[in-house]
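Next come two complexes, and both contain chain A; in the first it sits with chain B, in the second with chain C.
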Partner chain A sequence: MATTYKNLLNSDFTSNKTLLHESIPITGTIVSGTYAENNIKNFSHGMFQSVYDYPYLSSSANHIFDITVGYSNESNLSSSTNVQNKQKINIYNEMSQLLVGYDITGSIQQFDEDGDIAAGGTKIQEAIFVNMARLLTKDEVKKGSFIFKAQTGSVNSLPTDTLTINDASGSNGYKVNSPAGEYGVLYVSAVETVSDPWWDVGDPCGLIYYQAGIAVLTASVFQNFGTYGVGVSNPLVGSMNAFLTGTAISGNCEAFRNRFNNLAYNNTTELNSTIYFCRANHNEFNYSTNPTYLSGSKIVVKNNTQENPLSYITSIGLYSADNELLAVAKLSEPIKKDPTTELTFRVRLDY
Partner chain B sequence: MAFLDNSGDIILDAVLTDTGRYRLSKGDGTFKIAKFALGDEEINYGNYNTGSASGSAYYDLDILQTPILEAFTNNASTMKTQLISIPRTDLLFLPVLRINNVFPEGSTSGDTALVASYNSYFVTCNDATTTSTVSMVGVQDGTLATVSSNGSIIMVDQGLDTTQIPYSFNIDQQLKETQYIVQIDSRLGQLANTNGNTGKNPSFVDDDSIAFYYFSLNTDNSYVSDITDTTNPEGVNSTIAGPRGTRIKFRIKASAELMTSDYLFTKLGGTFTFIAEGGPVSEKYIDTFVRVTGATTGYSIDLPVRFIKNA
Partner chain C sequence: MPYYKFGPDDVFNNQIKAHPPEEFWFYNKKLYYNSQLAITGAHVDNVPNAAVGELSLYEMNVDRPTGQLIYPFITKDGSLEAFSTVSTSDFNTDFVYGDIMSGTYPLTSSIFRELYIAGGYATHLSALKTTFTQYMPLSPHYQVSSSLLGRDLDNIALNIITIPSIFYGSSIKKGTVDLKIYYTGTLMAHARDINYDGALVDIFSEVSGAAASPASGSTVGVVLYNEGFIFLTSSVPLGNSTTLDNYSNSNQRPQWLFFGDYGEEGAVTNYETPSSAFSLEFSGTTYTPVVTMFANAPKNAVNYSPNLTTLDYAHALASGSITGSSTYIEPSIPLANVASSSFLAASASFEKMVYISSICIYDGARNKIGVAKLAKPIRKTNEDDYTFKLKLDI
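Presenting the complex of A and B:
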């Protein structure tokens, strides 16, 4: 009996999971400078600022991350006279209830500097949040790949001083006590300064939530000179404390962007694959239904009955039981098939 | 689609088809891959050069250099020609499908012929068109209202189309087709048998509105039958020159939409002047094709069909 389909047995397919990583470099010039703020989107509610990789009115623009700031209502900076005081507290609470969760009384917990919430310790009460878009982060930020470089010099000397922050411990140590998944502690990994550094290498200065794609930086990152730590030009000049209390969220975001030197991380895509082994035995698939295969009814690649039939494979179709074509695979070049050869094609479908 | 890079290792470019994605999205378990087939649609076996002076290693040089296109995601646009498994390796001839345009099915010779000069089967879509054209060779009454008086049908024969084996020989049972798959755009029409006046329901309709009909020998007797004529040469009752297998015959019924609306004629077709028996008639038309495939042997043939309606 002639047949064109071959059934796949249980031993002919298997499932597999692989992690695919891509490098995501974001330079500071995109975040401030290159597009003259046309790639920065502010909203009337003033709760956050969005950064695009191209002027956002263009259909070519891709959303890369959002920036916002907030502080705890237990922060010393919290005051009803502050600009957008309520919004900054709301932002902090929203992020902390999502990323840190609640204590046993149902109260929202604060961000903990070293992730050891049970032990108490230092809390991050004033924070800058960098929420990376799923377009770039995909399923999660690869642990141990996050590097952020901030310019922390005084506005008087401008950005000669830098602070490099990474999650070096993430590849072999991370926390799992967050309702939003796994997270790591961000540490200062390098300090380049011409004056007395506020920070030392190894100091914890933030948290990175891998699945959520959110970096939480303590606002103190920009406090190395106490009085002048952030801002590039008037009116965006002042201490971090002054910014958090006296400037709207958008102004804080703008100041942060102007001190954003570089950000790089690897994203992760979780690929679930099914691999089908399509086996063509020696006595299978040696003839073709291609109209050019026949002249009249004679096979054109044979001159007598003693010669072996042969065919050339360019495509593999995967079908349902009712013969609907569900997937198709193409070979990059034709492969010869005759009764002296057996072939196994490994077709991987990723989901 | 672009060509695949064939400068290095052999790669396999795999994608889900639109049907695959649709079934996956339904989440009802209908996305289940159960079988596979191999295809060779880019290959022109006419490039197999057995006369190459460089030797047999060079016979298939041109074939192996054929660039391959990336996979199409439309399930109806790919895997058109498939490879067949036949345990025997000594076959020199394979069966084909041929339009039978010579068989006098009813009382009129030419019942199975195509419309001359158009090389198409015409299907009328309303009574007025039927009245003015249906007596012409190759024109079918798509309304099925006058089936008894109109013998025009579509017939396809299967067998070995060669004079090197006498037509009086029985075809090898391995090469005899016993099941046919007929595909037609369900927006335009449906199949009917040659003597009934109702259409047949398709086995299923895919996401591109292509209806699939399955017909089997000994089950669908009004559609599929053995070719019993082993005494007459090609051109009398059959278009197969050698040993003959089976035959499928059917009519096409126009869809309700074509009969009641001009929308698809405007969108998919045009107008032409048909020289009918009573003189030139302006007709709206849609050109399409009906594909007949042998489910066992895999060979397929596309039948040109034109739906017509008075303009």
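Presenting the complex of A and C:
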């Protein structure tokens, strides 16, 4: 317990923020194939599908993302005769309420292809939603780092035909008009397919919400690529439209997973710090209240009584305004302090 | 929905003190933690991507092949932050602003063994001498140089077992440290801190009833409970001339100095001790802060739910709403009577009651910050007075 305290002035502390990132690669084999669907969790409500990086019954498994699909009730595909029509509309509305918000009439707004909601333009009315786990996205997805590669060939072909999507404008062209934080537009960055003319490089095809960790892909990413389906072992194939209307959400999720070639992004963790500059002037902290400091009324670390007072600083206590000890900073080795020296200790508190 | 403010006697901050048991086995060049065997994955030999006997800190790269691993990185910028593995000089000279410094996952932790030969400079003993002094009130065996015990730790061989705090929490519980040496499956020696003073006493004969072993009854080492170190000092050969194994890559009789030798010893590696197995058991001490809240539902209160299903809409439809050119009055809808009658053909008299299914916790600004769900709804009438106990581990 200290007996003398020194007040920290405004110039004695400052705050700092450091961004720590992690690179997250997710290959298509994790999402479909390696674990024979044991890492895929379907729920009785049938509203979405969860994907784990290992069979989810194992305690080692980590949740990596959820997949679901939905369409607006203004979509041409919307029909009461569709399989899970109400659920697909509800999913779309839930996502758009959360990510796009409401207009001045209180109506739910639709996802806008270029993010410029006020200008109108093309809306994403049928969407595939990929909700990435907070465990992996941490504070946010790093802007400009999102890359998704979709397999676009026939269901029976090897993934030679691919469509690469990224948030090319993310680092400096992100949008801020979402209630869920910042988001960027996803663009087609490469088309590695021979026969398909549907997409060109630079076409907008979805949105990525950085803080929410949600990617919204327009379902027409897979349109006009012939049959869309879950592959040879499960011969459920058809056009994208047929899937959205005639197949349950879980079937759509399954089909999407089988078209999932690769996903990579970087996450961001904000490390907030306060740095306290603890200054020991020449005439301060040259004495210790430690009982071992004195022996027979003599300072034990002094060889000669005529010498200056001397102390060895081993730790720094940070106190509240009412002198309550809040934190202690320890030095790796004691620092010698006498009236001929002045020291500034940089104490960093991370939170 | 009614809000009730917690009173001064309704919220308690306390902590749960627990002593989780831990066990390590050393055998045949492998270390096993809590009897966990390797789980072969599709891409790696052990699914957590860490060796058996190691803990993976973030448990992120589960069954991932090389090249597909999650890794951390930081960009050199004005904050001057870097990973601790990047030295200050490397930070200054090897990286320019905007460069990326990468780390690796998984970060693993496990126990570690060091054998210092007699007369060698035991750096970790040197670093812990002050700590030894702090433990001296517990036992004289903590004295580094003791004429009473006739030994000086600076000059004798030392077997140091280092236990990271992730395995024990705040401290190792006194009286729980238990070490065993097996030779071809037979217990050869057994030491424990039987006096709760940190001194490890060989209790082999006492426990097994067998003839006294050479080290039986003697103190073979000490434990630093708070720091997680075990110092074994006894070099008394155990067993007999036929119980030999390849300790320190040399055919010898077992002794406490060889405890934990499973084929890795400083620069000497990759040898086998096929006849020996060692077990280390202890209990840690963990503190979990807990907030305990008492939510009171007093008599004549909390007997109404804003849930619309508590209204009797059949009656509302009969009465209807009142509308006019400048008026709209909602229909008066009575509460549904859910009181149960004791008679088959008769309904019970109306009684105010509610089924409580969850309790929400709000902050000062009435932001919902927690929800406690009941296993089954509790019926509350005007006469009932309930207190719900909510516990939140932090």
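The rule is simple: the second predicted complex is superposed on the first by the 248 of 351 C-alpha atoms of A that agree within 3 Å, B and C clash if a C-alpha of one lies under 4 Å from a C-alpha of the other, contacts with A are read in each partner's own complex, and residues count from 1 in each chain.
Rule of thumb we're sticking to: a contact is a pair of C-beta atoms (placed from the backbone, for glycine too) under 8 Å apart; a residue touches a chain by one contact, two chains touch by 3 or more.
Keep in mind the model is a prediction, meaning the values are calculated, not measured.
Undergrad: Classify the contacts of A:P179 with the two partner chains as first (chain B alone), second (chain C alone), both, or neither.
TA: neither
Undergrad: Which chain, chain B or chain C, ends up touching more residues of chain A in the combined arrangement?
TA: Result: the larger residue contact count on chain A belongs to B.
Undergrad: Just chain B (first), just chain C (second), both, or neither: which does A:N62 touch?
TA: second
Undergrad: Mind working out whether A:E22 is in touch with chain B, chain C, both or neither, as first, second, both or neither?
TA: Only chain C; A:E22 stays clear of chain B.
Undergrad: In the overlaid three-chain picture, which partner chain does A:G121 touch, first (chain B) or second (chain C), both, or neither?
TA: Once the two structures are laid over each other on A, A:G121 reaches no partner at all.
Undergrad: Of the two partner chains, chain B (first) and chain C (second), which one does A:Y312 touch, if any: first, second, both, or neither?
TA: first
Undergrad: Note which residues of chain A are touching chain B in the complex, please.
TA: Listed in rising order, the residues of chain A that touch chain B are 1-8, 13, 274, 276, 278, 280, 283-294, 296-306, 308-309, 311-337, 339, 345-349, 351.
Undergrad: Hey, which residues of chain C end up touching chain A in the complex?
TA: Counting only chain C, the residues touching chain A are 39, 41-43, 47-48, 59-60, 62-64, 68-75, 79, 81, 105.
Undergrad: Name, in rising order, each residue of chain B that touches chain A in their complex.
TA: Listed in rising order, the residues of chain B that touch chain A are 4-6, 10-17, 19-20, 23-24, 30-46, 48, 50, 60, 63-64, 66, 68-73, 75, 78-79, 81-87, 89-96, 159-162, 164, 174-175, 181, 204, 206, 241-242, 296-300.
Undergrad: Where on chain A does chain C make contact in their complex?
TA: 16-25, 27, 34-35, 53-54, 58, 60-62, 136, 266, 271
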